[in-house]
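Shared between the two complexes below is subunit A, which has subunit B as its partner in the first and subunit C in the second.
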Partner chain A sequence: MLTYTLKRLLQGVVTVWFIATVTFFAMHALPGNPLESEKGMSETIRANLDKKFGLDKPEYVQYFTYMFNMVKGDFGLSFKHENRSVNSIIRERFPVSAILGILAIVFAGLGGVLWGALTAIYRNRWPDILIIILVIVGISVPSFVFASVGQLGLVFLNRFFGTTVLPVAGWGEISHMLTPALILGLGTMAFLTRLMRSSMLEIVNADFIRTARSKGVPPTQVFAKHQLRNAVLPVVTVLGPSIAGITTGGFVVENIFGIPGLGQYFVLAVQQSDYGVIMGTTVFYGAFLVFMVILVDLLYAWIDPRVRLE
Partner chain B sequence: MTDQSLSFKPISIEQDAEVLTRPSRSYWEDAWYRLCQNRRALASLFIVIFMVLFAIAGPWVWTKDPAVQNLDQTSVPPWANRAYEIAEPYTPMVSPPPARTSTATNQIDEITVLGEATSIFVRLQWSIVPNASGYQIYRNIVETLPEYPPGVPLARIRGANETFYEDRLDLRPRTYWYSIVPIDDDGEELGPLSTLEVDVAPSTTIDDAEKRGWLDPDKTYQPGDTVYSPFAPLGTDYLGRDLLARLMYGARVSLFIGVIAPFLFVVMGILYGSIAGFIGGNLDAVLMRFADFVVALPFLLFMILFKLAFGVDSESSGIIAMLIALVLLSWPATARLVRGQILQIREEGYVSASRLLGTPTHWLIARHMIPNTLGVILVTFTFAVPSTIFTEAFLSFIGMGVEPPTPSWGSMCNDGRKTMETTPHELIFPAIFISITVLAFNILGDGLRDALDARMRAAE
Partner chain C sequence: MTDTIVPPPAPPSEGVATNVIPGSGKQLAWYFLYGTVGLVAIILVLGYLQQEFTVGNINQAAVDYETNSINLVLSEEPPQLDSGTATDSVSGMLLGHVMEGLLRYNANDELIPGIAHDWEVSEQAARFHLREDAFWSDGTPVTAHDFVFAWRRALAVETASQYAFIMYPIKNAEKVNRGELPTEELGVTAVSDYELEIQLERPTPFFASLTAFTTFFPINEAFYKTRGDNYATNAEDLIFNGPFSMVHWAHDASVRLEKNPYYWNKDAVRLDAINFGYILRDSEARLRLFESGAIVFAGIAAENLDKALEKRWLIKEHNSGAVYFTEINHRPERLTANWNLRRALQLVNDPVELVNKVVKIPGFQPGESIFPTWIKGVDGYFRDEYPMKEHVPNPVLAREHLAKAMEELNLTSPPTLTLLSGDNPTSNKQSEYFQAHWRKHLGIEIRIDRQIFKQRLAKMQSGDFDLVLAGWAPDYDDGLTFGDLFASWNENNRGRYVSEYVDKNVRIAQNSTDPRERMEAFNKVQHRIYDDVAIILNYESGSLYVIDERVGGVSRRVIGADPDYAFAYLIDEES
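After this line comes the complex of A and B, so read on.
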């Protein structure tokens, strides 16, 4: 387990280095100077600004400074907002995104396991067919449509009851989090439901289930202890990649629901061409996602020892 | 019973026992047959063909220009009444009838519409509030509620006895909520709003209709005749552009990216994967390690990053930049798959036989390896299309995809979202098109997998 962990961590570090390098060169491939849009700037100010952002040095020096700072955990400065460091932006905004993301993962995971198990129990009967149809809809409709329609639904809901049942946008209380988190998790939930269904159906005729049944284990216990526990395993493996999906899905959902998270800020930075923030947050997100995937893999290897041997 | 079971007799030799009763079918014929048996997949195939026709041939049938703005006809839903009645030429109302006085001191009792409310003018009169020094008039297109404040006033009138207002500002045939409130000298509102719901009838004057180009030059028109506003089968968007035409051009963009990008990265993956898989050894290890790195890149973040890096030329529509970014990031999945298949096929007997007969390597790859992986590749391609359409829509939705004014389904959704509360058709139509296309490709992919997968076939 230790060798496996070390190997995965080393891979992760190299991947993050790769991400940072690609990001650096992609941003430097842009023609012109990132500060060019500041119009009517005198030569002196320009030179001073270049110096402040280190743009006066040759590219390889910039690269090593950038890499060195990354290792220290310094993600650089914003080019648009004076004296705003990417670190302070991340500190301020990432917790919001993280809460939303965790809530969405919880919704998606619980929902996926529950619905998937239900479809397997009621195989080919109406609850199964209904859930499958909903799953297909969930996979085929883009998250931004769900978010928009969900928001519209809230407007009508609130209008129908004449008070604010659930807020349409904003952040701060639990009630603000519920709808966006649910919508953010919806696509993943559909995906997990499908996965859970097929893994339940694969297991339903397994030898150990038959043995349990023949021993006289009550059906509810067979379901909960034998079927569900074994079928959940594949769901755990895809949790890692779904974190990536939920993070990027957050870009849209945070924007639509006016949630002050990092995703919203990232989209804003992209629209404002704030290269400092784009570079910093891309590397931050990249590193975050890489290590989340590793974490889930380690978790899985810990649950299922067979994985370690591969 | 017993007698019968003991009686033996020689069976007659049938000449045609070995004759094939069913025609021999090739792999692809068989796959096609199986696909046709799958009704859902076949329906999806028809939807896909329809969408392709809609994109390619649609603009020839419905020839409206998707870029032409008509600010006179913005956000018209498809179910809107297009028939406008020609009214008498406009004459101002010089002396409105006297108004009665309100009983309350801070609120207006009654608002009335003088004459008929038409899209030429709405004339409002309300009861006098004696201690007011003026009135403030609001107009809304949704009902005002405590949590939906009335917004910016339409007009402000000075004088307690000035209780007449004629609204001629950009009136559309729809329902408006007029709210009027008395104000004091400082412009502060004295009390609660009084609201009147007004249905505006479609009506126009001859001059206006001529300016808008609605008149047939060969005919003469009288007041009382009917003229029609331009026909938009799916309505218009927030700039008055024809939604059907935009959906067709948007289909071109979305399907172009959705089909061409997967095609390119699948081809690239085939080349990369077959080289790695066939040559093997150290080269294979290096190539696949590099592919692993590319897979580890967070996809959408790097789409945005590459889109920025390649799409700096603001004149272009951004389609090419998106294609390059998609290809650069998406090829490793196919490469891995093809490599795995090649490694498997390399050990097959027919490959060894062919090699023994002196077939050159490139011919082995082209003639034996790739045709045998084609089924799997086709399935990958079919599943790559909807996810690429999704990516394009997502990026266009956050403003990072195709540059305006080029329409794309994703950017149309984003435009439509802004007005979804009052005119939801601008969001719903592009959303339906994205969803149906993605759904059709997904089901078709499922069907193809069932039809092409030999393992599945053996199980039945």
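After this line comes the complex of A and C, so read on.
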């Protein structure tokens, strides 16, 4: 188990290094100077800016400087928010995205499992059909539509009651995170519902279910201990990567609900060619995703010894 | 939310498909219950973490009579609150509320005393007399030394300020900025604590108006030294000499300003606090906040106009000061270097149609001159004193010019031109309009080259276009901010338009202190730019906004802090 863990961790480090390198050169290959703005700059001012941000040196020197600092845990300065370090941006912003993401994943996970089980139990009857229609909507409608419609709904809700039932935007209290988290989790919830449904239906015909039932195990126990528990496994598998996906993919929801998360920086930095923030957030999220995948793998290996041998 | 729904009663067992385990529905209902309880627990834990480890908004009513304050939204996290390096409008707006330069603008866009109570500007020098009752928010006096420090710092090579050029009228400024002279050589001296003397590099008739600009704001050296690299990164890392102090800045969430008790003119400040409770990038979401009564001001983007009209809000217009045009590539290897071709394009161009049928936003005006309507002239407005000749679209004449151009360029059919454009709904709509328009009237094919912001800039810079949709927003309150745009040496002249005649007149406008002579020069520039078809004018942009009727005294301006709430007030509930 230890060898397996170490091997996976080493692979993870190499992956992160690879992500950092590819991002670095891809970013530099983008046409345009990151410090360029709509107003043209005189040679003097451009030279001063290049010097301040280290762009006056050859690319490979910049690369090694960056890598060296990164290993020390220093992601450098933001190009747009000139005096702020990327470290402080990640430190302040990531907890927000993480909290929102965790709640979204809880919504998605619980909702997905329960809806999925429900559709399987009432297969081909109206609850199944209704939920499957909703699932298709959830998968196909993009999150910015949900976010806008959801926010509009809040405006009407608050006006109807003449008071703030749920805030339209903002961050800081429990009431602020409910709607955005639900909307953020909707897509994943729909996906998990479908996954749960098919895995439930597959298992109900499995041999061990039949055996359990034939030897006289009470039906509720067969359902709870054999069917549900086994059907949930594939859901847990995809939960790992989707945690990373949801925590990083909050851009749209964060934008519309005014949530001070990292997702905004992740996306806007690319548009603004903010080298510091592009590198910082990509490497950070990359490492986060790799870590999540490793964690799931290790859990699997721990649960199922056959994985370790492969 | 989904988990609280009670499942429907279990169906009768005989009707159920054989592969369903009986009783599972009931069991699932229990799980729903457990799930709900678990969910509530998780929400409570996350809520605790949220309050402990993250920053939040400061919530308050849009108009709060009790605390005499208003609530607003920012369109983005202020990128830079260091007055020496700030370039964007959000930072400029905030700084305009918490800082004050030598002079400032009043509600009618007239220059009024700020930290300086008196001033003289001559051809070689300027002298400002500072008031002795101006203080920083830590109680120390604002002195001439604070200005000397801030200006030297803004021009220092290490500061790398993008707006350093705005200080170039000061003697030796450009050399200091290039690192050729030490910052001490900058032509600015504190004659005494309350007298500031400036040597000018060249006569600058509008120098006084520059001192109202962000880059010219003072910085308290002693305080700056205590913060070093962290200066201006948080509310605690700044001190203020303006009408308000920033008491709270939660990055990406909210900013709160409270009345500065040390401000010299505090009696004129009527609000006790300005709360920017939200930072929201999405313009539609900002409008929804206004609709829900959470904020007092919201801008209206083109795509939200219909919705705003439906609500029957009182929509106000504001000339935002920028001029938009189709910039033309004049580099000799380009087809567009041919005057007849440019003239043909210009002659079919119809700014009135563009504004009324394509842009369709009230507040926009058809572009007639490179100098927008708000630019001041000798006594009144420049454009009233020196009207531009009327532009009448003439497709017939245009086709004659096109035929001549084809002859000169040895072309057998109308050429294909590349139109570089931004990649956003507004640019797409306009570039497609131009494509159809020029094809219809001239048979010229337009290849639209859509690029995101930085890539478009890179292509503009390298001259990789025939035509590009561009615009210009002013830097300071003088015609020269537009007038020198197409001087051969200007780095914003991306089409490399070169005209000795224009250059000569720009120099006159730069060096003369006689208003009439300068305006004459600007008049020659505006006509020559039209006659030469240096660019094709499209429109002057406007902006629309809604504001809560309980708030008065908010100024909109083209230059400087906009919107300006510094002297705003609440209108009594009764009246």
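Here is the rule we go by: the second predicted complex is superposed on the first by the 280 of 310 C-alpha atoms of A that agree within 3 Å, B and C clash if a C-alpha of one lies under 4 Å from a C-alpha of the other, contacts with A are read in each partner's own complex, and residues count from 1 in each chain.
Note that a contact is a pair of C-beta atoms (placed from the backbone, for glycine too) under 8 Å apart; a residue touches a chain by one contact, two chains touch by 3 or more.
None of these values were measured; they are calculated from a predicted model.
Novice: Name the contact category of A:I256: first (subunit B only), second (subunit C only), both, or neither.
Specialist: both
Novice: In the superposed arrangement, does A:L152 touch subunit B (first), subunit C (second), both or neither?
Specialist: A:L152 contacts both subunit B and subunit C.
Novice: Give one of first, second, both or neither to describe whether A:G170 is in contact with subunit B, with subunit C, with both, or with none.
Specialist: second
Novice: Look at A:V141 in the shared chain and tell me whether it touches subunit B only, subunit C only, both, or neither; answer first, second, both or neither.
Specialist: Only subunit B; A:V141 stays clear of subunit C.
Novice: On the A-aligned overlay, A:H81 touches which partner chain: subunit B = first, subunit C = second, or both, or neither?
Specialist: second
Novice: Look at A:I278 in the shared chain and tell me whether it touches subunit B only, subunit C only, both, or neither; answer first, second, both or neither.
Specialist: first
Novice: Going by the contact rule set out at the top, does A:L195 touch subunit B (first), subunit C (second), both, or neither?
Specialist: Touch partners of A:L195: none, neither subunit B nor subunit C.
Novice: On subunit A, which partner touches more residues: subunit B or subunit C?
Specialist: Of subunit B and subunit C, C contacts more residues of subunit A.
Novice: Which subunit A residues contact subunit B in one complex and subunit C in the other?
Specialist: Comparing the two interfaces on subunit A, one with subunit B and one with subunit C, the shared residues are 30-31, 148, 152, 155, 158-159, 255-256, 271, 273.
Novice: Within their complex, state which residues of subunit B touch subunit A.
Specialist: Touch list, subunit B to subunit A: 143, 145, 147, 293, 296-302, 304-306, 308-309, 312, 386, 390, 393-394, 397-400, 410, 413-414, 417, 420-421, 424, 427, 431, 434-436, 438-439, 442-443.
Novice: Which bits of subunit A are touching subunit B when the two form their complex?
Specialist: 14-15, 18-19, 22-23, 26-27, 29-31, 136-137, 139-145, 148-149, 152, 155, 158-159, 162-164, 244, 247-248, 251-252, 255-256, 267, 270-271, 273, 278, 282, 285-286, 289-290, 293
Novice: Using the touch definition up top, name the residues of subunit C that touch subunit A in the complex.
Specialist: Going through subunit C, the ones touching subunit A are 1-3, 7-8, 11, 17, 19-28, 31-32, 35, 38-39, 42-44, 46-47, 49-51, 53-57, 59, 73, 77, 79-80, 82, 85, 87, 157-162, 164-165, 174, 177-178, 229-233, 250-253, 277-282, 284-285, 288-289, 291-292, 294, 452-455, 457-459, 461, 473, 475, 490-494.
Novice: Quick check on the complex: what are the subunit A residues that touch subunit C?
Specialist: My answer: residues 30-42, 44-45, 48-49, 51-52, 80-84, 89, 92-93, 95-96, 99, 102-103, 106-107, 110-111, 114-115, 117-118, 121-125, 127, 148, 151-152, 154-155, 158-159, 167-174, 176-178, 182, 189, 201, 204-205, 209, 213, 218-220, 222-224, 227-228, 255-258, 260-261, 264, 271-273.
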